[in-house]
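The following block contains the structure, expressed as structure tokens.
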Amino acid sequence: MLVVMQQGAGEPQIQAVIDRLVEMGFTVHRSTGVLHTVLGGVGPPECYAQFDPADFEVMEGVKECHRIVSPYKLANRHFRPQGTIVRVGDVCIGGPHVVVMAGPCSVENRQQIDECARIVAESGAQILRGGAFKPRSSPYSFQGLALMRDAAARHGLLMVSEVMDASQIPLLMKYSDILQVGARNMQNFNLLREVGGVGKPVLLKRGIAATIEELLLAAEYVMTGGNYNVILCERGIRTFETATRNTMDVSAIPVVKKLSHLPIAGDPSHGTGRRDMVLPLARAAVAAGADALLVEVHPDPDHALSDGAQTLTPRLFAEMMQQVRAIAAAVGRAA
Amino acid sequence: MLVVMQQGAGEPQIQAVIDRLVEMGFTVHRSTGVLHTVLGGVGPPECYAQFDPADFEVMEGVKECHRIVSPYKLANRHFRPQGTIVRVGDVCIGGPHVVVMAGPCSVENRQQIDECARIVAESGAQILRGGAFKPRSSPYSFQGLALMRDAAARHGLLMVSEVMDASQIPLLMKYSDILQVGARNMQNFNLLREVGGVGKPVLLKRGIAATIEELLLAAEYVMTGGNYNVILCERGIRTFETATRNTMDVSAIPVVKKLSHLPIAGDPSHGTGRRDMVLPLARAAVAAGADALLVEVHPDPDHALSDGAQTLTPRLFAEMMQQVRAIAAAVGRAA
Amino acid sequence: MLVVMQQGAGEPQIQAVIDRLVEMGFTVHRSTGVLHTVLGGVGPPECYAQFDPADFEVMEGVKECHRIVSPYKLANRHFRPQGTIVRVGDVCIGGPHVVVMAGPCSVENRQQIDECARIVAESGAQILRGGAFKPRSSPYSFQGLALMRDAAARHGLLMVSEVMDASQIPLLMKYSDILQVGARNMQNFNLLREVGGVGKPVLLKRGIAATIEELLLAAEYVMTGGNYNVILCERGIRTFETATRNTMDVSAIPVVKKLSHLPIAGDPSHGTGRRDMVLPLARAAVAAGADALLVEVHPDPDHALSDGAQTLTPRLFAEMMQQVRAIAAAVGRAA
Amino acid sequence: MLVVMQQGAGEPQIQAVIDRLVEMGFTVHRSTGVLHTVLGGVGPPECYAQFDPADFEVMEGVKECHRIVSPYKLANRHFRPQGTIVRVGDVCIGGPHVVVMAGPCSVENRQQIDECARIVAESGAQILRGGAFKPRSSPYSFQGLALMRDAAARHGLLMVSEVMDASQIPLLMKYSDILQVGARNMQNFNLLREVGGVGKPVLLKRGIAATIEELLLAAEYVMTGGNYNVILCERGIRTFETATRNTMDVSAIPVVKKLSHLPIAGDPSHGTGRRDMVLPLARAAVAAGADALLVEVHPDPDHALSDGAQTLTPRLFAEMMQQVRAIAAAVGRAA
């Protein structure tokens, strides 16, 4: 941890910073330069946990403050330089295979979810995705999950579904193989803590205004609870461009690979918001190194309950699977 | 609702759009131009509720699609052209008085919250703010709220506190005069629906990546439940600029005034993230027409449990109140 | 062109809009709905040229205004549905081959640029890129261009170099095969008009805060001068994310393909600003459909005059070329 | 300058960084922590000039790199802690008076610019603004400037006009009191260097995607040429919000005040792009501490040659001047 004092900062200002660092438990090293005095603090992990650079940057005479020690440790690549492979049933995410999770935005009825599962399985994908809790329904309904479980089982698929609230965890644990934490809940620390205590993998989606560092901090929060099976997911950020609903930050994929050992998926459906952009961005994500894809597909997207504009038709999905296989092969992987 | 077809769109493409509009319940008017065919749809409110322009923009041959009817009705200025005044006890928000809500980020203990209340009251503010639920604490703890209520009462203040989860509503209803919905929950539709059913005013904060239209849609969601006492709050959006933690969108204040009848507050603490920027932005917000301010103040910000960097000292808060009074007077209001 | 009046707009307000449209040369169709009156204007191209929706949106009683006719015509895909292939010598950009343009940020001396050209040619790229005008140097120096021309010729390459000012056009015309307009000049309309009048292809880079529509409008400006050989280039936009210098908007590639017939290149060097992110983003750009790549390579990037951090070493460049070839093959192209 | 090595960085990686720093002229201090090795470099100014943190951040084993010494010196508040007052004739910008510069976007003809000058003078503003060079006109036309000079003189005003190209400087020097560098040219280093060598004040506008630090670096560039009379101007940045054309970053005003001694103006016309938002944002800018305002006014905005939507009518301008005077008084200044 480093505090750089402003040019001309007075001794009382410097001393106030030193006092505060010492009070927090840091040992302080002072280095007096021609222009700037720099204070370096070293201490036990507890010191860093409560340390916020902004608190020092508003002190009198301080120019800037840098956290040197990475704010995430368990999610850091140094923790597992060889990378993490998340195992779900017989599927491995983070290994040589690019895993595809696909399905409708919402489970609508038995026939629809079964038909979705059939499409997903026929094209060779491994995991069925789908939302079982409609925001407006009772938090105690579970029918969607049961229907989805049946459909997945019938077609030999695993399944992933979103947990929107800590109270839904028991149900999800019963039915789903992976628990998805959505973009809007990426900083719902209560929920993150709860899924950190369960024994199933978590798919953690990046918030539309979250930096990559914040995504890794959210993962850290889950891992602190003991659950190391976290799969990250890039699904588009909000920028000034309006041609696509979000701007899919494809570079987040290799950046995460460099900073963390966790596998990362790309979601070109939410990443673009447009069905006609899903295929090129699915290819781009895999080319950039994504370990998995999350895509929306529906037998009849124009009549889907939600997200129709970004949902693939069965034909487009089959085409995507073929293209993704070709790209995966080109980067030395299978799909 | 208008669908503009691409130049050269074929008759089957046009017909597919017409069919889908009719299927949704719209009556369609077709206008054939030299370059573009434009389809206008008119229908009962139910049609619009399920209408998403994106669904049409991915159809073959479609150039663009516009929702003509505003997606919010109750929050629209046309609903109450004279503007809404939210009454809380004897305080009116949205009237000639600029109301100041101030207090710590978190309630820490009896002495701290009482001291905060004293500071807030002495400088002439009317409402005590403070967070009672620490994200990590049990959702059933209520001690913070009770302490806050006591402190507010002792110093003749009303109070506002955040509800982070629907399960906390009963407690908030018991202790707080206003229920705050935080920026991260602005699109938590479950929570919005629940606070729409209560009999107390709601302070709804703009998400850091939310457009003004999305803020008004969130308000609409609350109002649909029957609770029309919504106070909006601008608290900074995320941009590429890093000199401040967020970029406070001061223009959101007059934009909301034009589009909606609801009162709007400015939060220069979260809006800037820096104690030394709170005063100029508090002045700017009031100058731009804000009906209220939400600011963080603490007897000893450097030792505050959270948000210290953006929290005012008692001296700065007193100074802010004086400046805000001068600006309020300059725009024909009191503070 | 459509003007939607606010709910409750009065007859004098409606009439004022009609009058202004008529004054501009539009024929106006009025459609009175239950809630909104919509005014549609049709007219000759001159009307649209001077039409700015913002001018109407500030008129009394107006809710919103949409330009229906696309603001670009020559750059529009409808103008050449089959797509444009830009021919430079025996190289075709926009055809089945993915073309690679590579070289240093700046020409430094004869030996450096020759060495660069050798590296570029050996790995199988076709075009040498490099900046000959240092911002601080005299606008009449031409030595860099001559050195670059020699190096390109010796190694059987074509060349592209940036024109920073209209006064440099004659020199560029003498030495370079393609004239590059940089991101900062994307809306320098004087320069765009001038390169619109020359007989060589133009490589037009997207500004860091420019929308895709603005990029196409800039291309339109060049094409209006008669030069239809425009190659667009995505090179990263500015967002809140700081892990990469810019956020490369990979989705801009398929979006441009849909909206326009012009070929588009990707620049992963500027797109990421980091050498270690160039390879994955080069792969992603080609996977998404890019017709060309623009990358920086230098025999010794750590001692390059500029842009060292984002410049590839010869070894990384050779690796990139191999990877790009594999991806190109996977999308049915050659590289 | 500080380089923080990654956890586990090897000795050869550390040595490579040290070697490069030494090669650049830095004296290196090495500090070995439990987790991270930190290398501090101190050296003469020339070292810093060529130092780019990005160059080090891509080196093997480097975690992050910070420039400690501010990249701008002359523009830094430490250079003139008391602040700079730019004198233009008898007008002082940066002193107790809030100066208003107003006029049309473009000079259209003698009558129009004279009428504008009359409106500006009558309401008590001091400086006439206006664009004399239409982008499409010959760079040697000067008529607009002469007409503007006459109009300003007749009404006792000073004038400011934009220089779009170094070749226009002689003409601007002849006619205008202040040379404006527009947002699109904020990083046109050739132009910045040229206006750094002239004897008249420069009004430097922030680019729509420029950080405050980049704005100060651009000012530094001008000042390095010897011209210390630089007035900065906040005029809106590009964000995801579309309700206003740009998002006026009002907090940039107090941030600049803290970081620099240069005066700063606010431009609510470009800052919002909407006539109906100019007044509240003009008030906000002055409340936040702006030293000057730049606004567009025209006798008949609906028929203005350009920027009509954001241009005030004479009546609105008079109203704005009154409001601005009240706000200026409230912050202890005159207007």
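By written order: A, B, C and D. Residues from 1 in each chain.
Note that in this section contacts are C-beta pairs under 8 Å (C-beta built on N, C-alpha and C of every residue); 3 or more make two chains touch, one makes a residue touch a chain.
Predicted, not measured: the structure shown is a model, and the values here were computed from it.
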Practice task
Determine whether chain C and chain D, two copies of the same sequence, contact each other through the same residue numbers or different ones, counting it as same when over half of the numbers at the interface appear on both sides.
Solution key: same
Completion exercise
Greatest centre-to-centre gap (Cα means) from chain C is with chain B
Completion exercise
Dup interface of A-B (contact pairs over half shared, numbering-based), picked from C-D, B-C or A-C, is C-D
Problem - chain A onto chain C, rotation angle from CA fit, given as a multiple of 5 degrees - result: 180
Practice task
Give, as an integer number of Å, the spacing between the C-alpha centres of chain D and chain B.
Solution key: 32
Handout entry: Centre distance in Å when chain C and chain D are each reduced to the mean of their C-alpha atoms
Key = 27
Fill in the blank from the handout: For the pair chain A and chain D, the C-alpha centroid-to-centroid distance in angstrom is 39
Exercise for the section: List, in ascending order, every residue of chain B touching at least 2 other chains. Expected result: 209, 238-240, 242, 276
Practice task
Would you pull the chain C residues touching chain B in the complex into a rising list?
Solution key: 2, 4, 6-8, 29, 31, 33-36, 38, 40, 42, 63-64, 66, 68-70, 76, 78, 238-240, 242
Fill in the blank from the handout: Interface with chain B, chain D side, in the complex: residues 209, 211-213, 237, 239-244, 247-255, 258-259, 271-272, 276-277, 280-281, 283-289, 323, 326-327, 329-331
Completion exercise
The answer for chain D against chain C in the complex is residues 20, 52, 54-55, 57-59, 135-136, 139, 164-165, 184, 187-190, 193, 207-209, 238, 245, 273-276, 302, 308-310
